[in-house]
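Take a look at the structures listed below.
In what follows, subunit A forms one complex with subunit B and a second complex with subunit C.
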Partner chain A sequence: MATAAQRRIKSVSYAKYGYIFTAPFFIVYFIFMLFPLLTTFKLSVYGNGLSAKLDQAGTSINCFVGMDNFKTILTGGTDYKSMGIHENFVKFFGNTIIIWVGNFIPQICLSLLLAVWFTDLRVKMPGKGFFKVVMYMPNIITAASVAGLFLSLCGDSKYSVLNSFLLNHGFLDEAYMFASNKWSSRIIVMFIQVWMWFGNTMIMLMSGIQGINESLFEAAEIDGANSRQTFWRITFPLLKSIMVYTLLTSMIGGLQMFDIPFMFHTGNVINSHLETIAIFIYDYFHRDYLHPSYGYSAAASVILFVITSILGALVFYVQRDKDAIEIKKKRKAAAKEAKRRAARGGGFSI
Partner chain B sequence: MSKKITYASDKGGYQTKVIIKSAFIYLGLIILTLICLVPIWILVVNSTRDHNEIIVNGMSLIPNKFLFHNIKTLGSNSLYTKFFHPLIGMRNSLIIAGCCCALTVFFAGLTAYGIVVYDFKLKGAMFTFIIAVMMIPTQVTAVGFMKMLVNWDLLNSYIPLIVPAIAAPAIVFFMRQYMLSSFPLDIIEAARIDGSNEFRTFLTISIPMMKPAFAVQAIFAFIAKWNDYYNQSLVLIKGDYRQNTMPMMVQGVLAIDRNPDYGANYAAIMLSIIPVVVVYLVLSKFIIGGVAAGGVKE
Partner chain C sequence: MNKLRKSLALIATLAMASTALFACGDGSSTAPAASKADSKAAEESKAADDSKAAEESKAEEGPKVEFPDEAGSKLSVLSWTGDDLNAMIKNFAENTSYNADDIVWVQQGSKGQEAREKYATYFAGGDDADLLFLEADWILDYINNDEYTAPLTKLGFTTDDFKGCYEYTVAIGTDNNGVLKGATWQATPGAYLYRTDLAEQYLGAKTQSEMQDKVKDWDTFIASAETVKTASNGKCAMIDTLAGLWQVYQYNRSSAWADKDDKLQIDDYCKTYAELAKKCWDEKLVTKEDAWSDGWYAIGQDGSTMGYFFCTWCLGENSMLSNAEGGIKMKDKVDADGNVVKDADGKAVQEIDYDADGKVQPKNPDIFGKYDICNGPSGWAWGGTWFAVSPKCNNGTLAHDFVKYFTVTEDTMEKYALAKSEFVNSPKVMKKIVDDKSNKNPLLVSGDQFAILYDAAGKIDMTGKITAFDSQIKDKFNGVVTKYVKGEIKDYDAMIEQFKKDCGSIEGLVVE
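For the complex of A and B:
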């Protein structure tokens, strides 16, 4: 063991490498991520027109407008345009939630079922690796290609696979607009999201189940528990924290949903039943990048940031190290006790 | 629990039960496998069929022989040559994803190494910061990012796509966990005594020892950047196919709304999917292992 003095010398001589090694990360992070984040915050309280040109409300990107952008987005304004922006925001937020819920519930059920199947001790399963590989595969395919794939399978055109099948067999008289109609398009996008992500969720849950002490399952089997009892009384309760983690990270991911809804349409007009909050942000500052509305986008980004932060904080609350907190609590209690004793012993506290 | 406990009456009954259950599970797995594979198979089949055949006969599961014809159409029809050049797209995507992947893994490793190995005042603060920013979505910073690109005249360049890869908090976090669990710090002491300087220790001792973690994260970083349509469409706005990436080109194909050649359309999408699938199948062992080890969800 090093003496205290030796340790001090060591920490003095090597500490600088800690800074050198971590410097590139932090420099790049500050320039390319933190600075834009702060700029976003700043832009959210500034106007929308470009500096040379005022927008309809008579503001530009150089005018401080306080909370006006948030007000417009969240409550609408008096004029036609800001009512439209408010309506869009509410609608797109609704779309995001509908599509997320519609993809998460089937996804988690399917993944959980598969994870339980794959980890079942009783069932010997050759080819397990093959199934896992196939089921994870949709996750790595580029979203643009996936959108293209499903557009050609069940798009609006009467030559898409689904339409031509239904037409040729006399189920339909004319092509159904699968990619344009409200619910059919949403259901297809939900299906795509499940298709892309269930393999990933399954593998995460599987590693969670494998983390459970195996002797518990063996004991259950010896006690004659059937699969359902094992699942509801052992697997599910012990998997709860991983499930909550999956739920929250999926929510954060769901709020960012962009690629598939953005590209699942024929031609150049985005299907408004699929537009999500991420597309709202993208649209207002980038679609027409010569006349961007930075203010509205930035305000929506800040709202998104707040929601994400709350969800992120919950993730850490769920994932927190319970033992460490217990120790901290005890230490605090001990400190309190000591204080109380000191107070009783004639001292006084202010 | 009730008092009545039923034991499996005999070993044969138990065995039958297991077999029935296995069969049931297999059936479910096969159906899901088909759901995963059939769309891709239909795509591959249709890319080998002629435009007219697709229109007249509809769906088919048997390949035809028009693949090269369709690919030729992609190369000659002005509807496609305006923006779809698979080789150029792949080259550009490769440049971006390759550079990003190398930078991400190297600097994430370096940062994690710095945080794990050295004792310094800001160590705790830095780690807390990395955890805190791990979940900030790209979309939130996009507005400010765009404004910055406009101000600094960085639009239509690869710099804003590649350089930010140096700072990947989630991967730093993963590397740190890996290092804490399976990197013996004594080895660094030994290297110091042998006279190796700190940077060389990292390069020649730490990286080789951390190879599994580096490999997994490299694969994930590469896939994430290859598929990253959002940032690429933010930065590359010139509409020039010579700088566009693969996802952007596919998006261009999807946007054709008048008289597309269906065979060529399918071939274009097929060309964007198949290389990824092939690479995936080769590396699948690492990828599945990486996801199971709590790989980054992106």
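For the complex of A and C:
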């Protein structure tokens, strides 16, 4: 039998502290994340331009224009403005995909290889901790510094490290425009992305590998499996979920790629082979600050959001655990069967 | 509270009424705005008073200052740089009855482009703003907007007051309706700065005038550039960078970028420049270095370029030309107690390390002082900063006096020109300085850039060529030309097509 005091304590609700402690997050989230998110959706169906003159034409930021912004971006039009916007979007989207694919594939391969080596029981690598830190390091340098660094290493200038090496050793007669030419600039940006992010991906994959039960590896070793067999039969299948996660985060990050492509150029003109969707959004929203085109910017953001969602869903669909689904299906079928029998009034089947 | 307000209003009214009476009086009374009562002011102002009062009575005939003089409020000047403003405040306080702390610098960013965005935000905030610094590139954004700027007539000026200025500076300070809203203290004409040793070696030009003959117009300039290339076996290019070429050539338009119906004008100019730039790039008449990079300065020393297109503000002791000549020795600045002066970021402030004779010490004596100046193929200017008055100005008289000191009154303009070695906005003052031969520039063989720049400034003609879209159109044009030149765009027609598409997104501009 509980005493009165005990009963009183029981009735004290601690739930409100939970709400109080989590409130800051929600407040910040609502103000700085949810509100801008919803505003983006709203802006995407409103017009562009701020001037009162345009108000009458029905295209200012105060006017609801429905899907016009999307139409212009996706299909273009007959006037130069629409053509320009549409072409830029398509071109920048292409650039984004090319640069992302070009950096993701080498990045995941390199990270996977290093992660396996670092976690392999048989590889007794000295200075593992040191290498892990060194490989993660590029990730903590700000993008602006990285872009500056690479511009002085392999920029257009004949005084850049790569050019002066090639010129001094007679490989070239004149400076090569590494930062301006189509493929050299893209390859450099891909390389920078790999260099900056492979350490991060490697750490993630390592944590995935370390999560795999060690006895599986020991058993494989006892059974005489070689490294390759261990990797393909044990490590890789069990790493699937973390790979999906890496793929997804990298894809989201890749589609939003902005800093390095935006900064890796000489002079005032951004290299058009490097311009990405995020640069498109920035361009229309910010560069001409007195006449911002919020509508196009927001519409492009929404399109990017939709594309990301579709790709994300696709990744989940492809990577789904088929065996588990099969088992689930069977279980469901069995349950149905049992129900059907019960309904028929049958007893236990023997 | 109400009582206090009423009595303050009464005092203010009385004060204003009394100033009106002073102005109508015999002119021997003290300056009306001089709130300072210390003896220094009284002494200093006495001398200035006579001329000042005379000027004031003259101003009486023209428009009056329509802004109030709120007691206790300081003159807030919005600017991104203290370089000019601090020198101005110092010079202004030394030569007038005002105190240096009557004027405050309200810093907005540290670059012109940052200020461009921050001003609008600052105005939205409603804080005190009396005067604004506006840069040539984007001055129209602000002077075409009555929320941010008021006509200079409201500050007590007439257009006649600026008759003595370089015409192009007045044209740039005029808004789309023809109202004068910006006045500048400086003119920023540009010229061609060249290595005298290379000019003699490759072109045989021994003097400034011989060199000018080799670059007097664009055809001759390009012909000389080809000669230089051949004579140097392709090692030396006549033009420093593509950006430099564009900086000069953008002043070469014979008409505005947009007509009176705001329609984009694509004319022969576009083709001429695009082809010129392409030719220079392909035939290596320009180096492939980037302006403002380390390489930009390196080419000036190793003979990769014969010279640069520079303007007034590139020619100081520690500026771009100085860097192109290898730079000068600098040292940490120390205060009176021997402590190193540090800036807001904790970095030691640098200053020029003069030798015992008060001369700069070059880092590369082989090149230093080997450059000289000539007019070049056409007149042009680079940048420049204008004053504009905020509609919310509440220090009318001080603002008027400040702007007048630097843009109208020749005596004080000369004082400022000599104090800061500034190219002030008055041909008359500059002519006097040139004739007096008082300018000595250690970077130049001839020792004086003003003699040449004085001519160059007169050649700039911007009348009828300014539109509100200029900075955006020029950005887009330079963008497509750069891409065309570098081969990202395959031919001229494709370039124009791209140019039109890019310009399509400029609000209010008609592209057909």
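Criterion: the second predicted complex is superposed on the first by the 289 of 350 C-alpha atoms of A that agree within 3 Å, B and C clash if a C-alpha of one lies under 4 Å from a C-alpha of the other, contacts with A are read in each partner's own complex, and residues count from 1 in each chain.
Please note the rule applied: a residue touches a chain if its C-beta (ideal position, glycine included) is under 8 Å from a C-beta of that chain, and two chains touch if they have at least 3 such contacts.
Values in this document were obtained by computation on a predicted structure and should not be read as measured data.
Peer 1: When the two structures are superposed on subunit A, do subunit B and subunit C clash or fit side by side?
Peer 2: Once subunit A is superposed (C-alpha atoms), there is a clash between subunit B and subunit C.
Peer 1: In the superposed arrangement, does A:N268 touch subunit B (first), subunit C (second), both or neither?
Peer 2: both
Peer 1: State whether subunit B or subunit C is in contact with more residues of subunit A in the superposed arrangement.
Peer 2: The partner that reaches more residues of subunit A in the superposed model: B.
Peer 1: Under the stated touch criterion, which partner chain does A:F21 make contact with: subunit B (first), subunit C (second), both, or neither?
Peer 2: A:F21: touches subunit B, not subunit C.
Peer 1: Touch check for A:A175: first (subunit B), second (subunit C), both, or neither?
Peer 2: second
Peer 1: So, A:Y159: does it touch subunit B (first), subunit C (second), both, or neither?
Peer 2: In the superposed model, A:Y159 contacts both subunit B and subunit C.
Peer 1: Which partner does A:A298 reach: the first (subunit B), the second (subunit C), both, or neither?
Peer 2: It touches subunit B, and subunit C stays clear.
Peer 1: Touching A:E87, do we find subunit B (first), subunit C (second), both, or neither?
Peer 2: second
Peer 1: In the superposed arrangement, does A:W195 touch subunit B (first), subunit C (second), both or neither?
Peer 2: first
Peer 1: Using the superposition on chain A described above, determine whether A:S145 touches subunit B (first), subunit C (second), both, or neither.
Peer 2: In the superposition, A:S145 contacts subunit B only.
Peer 1: Choose the clashing stretch of subunit C with respect to subunit B from the list 109-117, 163-171 or 325-333.
Peer 2: Comparing the options 109-117, 163-171 or 325-333, the clashing one for subunit C against subunit B is 109-117.
Peer 1: Quick check on my understanding: which residues of subunit A belong to both its subunit B contact set and its subunit C contact set?
Peer 2: Touching subunit B in the first complex and subunit C in the second, residues 152, 159, 266-268, 289 of subunit A appear in both lists.
Peer 1: Which of the residues in subunit B come into contact with subunit A in the complex?
Peer 2: Touching subunit A from subunit B are residues 5-8, 18, 21-22, 25-26, 28-29, 32-33, 35-37, 39-40, 42-43, 46, 54-55, 58-59, 107-108, 110-111, 113-115, 117-123, 126, 131, 133-148, 160, 163-164, 166-167, 169, 172, 198, 202, 223, 226-227, 229-230, 234, 237, 246-248, 250-251, 253-255, 257, 262, 265-266, 268-269, 272-273, 276-277, 280-281, 284-285, 287-288, 291-294, 297.
Peer 1: Could you pull out which subunit C residues touch subunit A in their complex?
Peer 2: Touching subunit A from subunit C are residues 116-117, 120, 141, 242-243, 284, 288-291, 293-295, 298, 304, 472, 475, 478-479, 482-483, 486, 488, 500-508, 511-512.
Peer 1: What part of subunit A is in contact with subunit B in the complex they form?
Peer 2: Of all residues in subunit A, those touching subunit B are 11, 14-22, 24-26, 28-29, 32-43, 110, 113-114, 117, 120, 122-125, 129, 131-138, 140-145, 147-153, 159, 161, 164-165, 167-168, 195, 199-200, 203-204, 206-207, 224, 227, 249, 252-253, 255-256, 258-259, 263, 265-268, 278, 281-282, 285-286, 289, 292, 294, 297-298, 301-302, 304-305, 308, 311-312, 315-316.
Peer 1: State the interface residues of subunit A toward subunit C in the complex, per the touch definition above.
Peer 2: The contact residues of subunit A facing subunit C are 48-49, 51, 53-54, 79-85, 87-88, 152, 155-160, 174-175, 177, 180, 182, 266-269, 272-273, 284, 288-291, 293.
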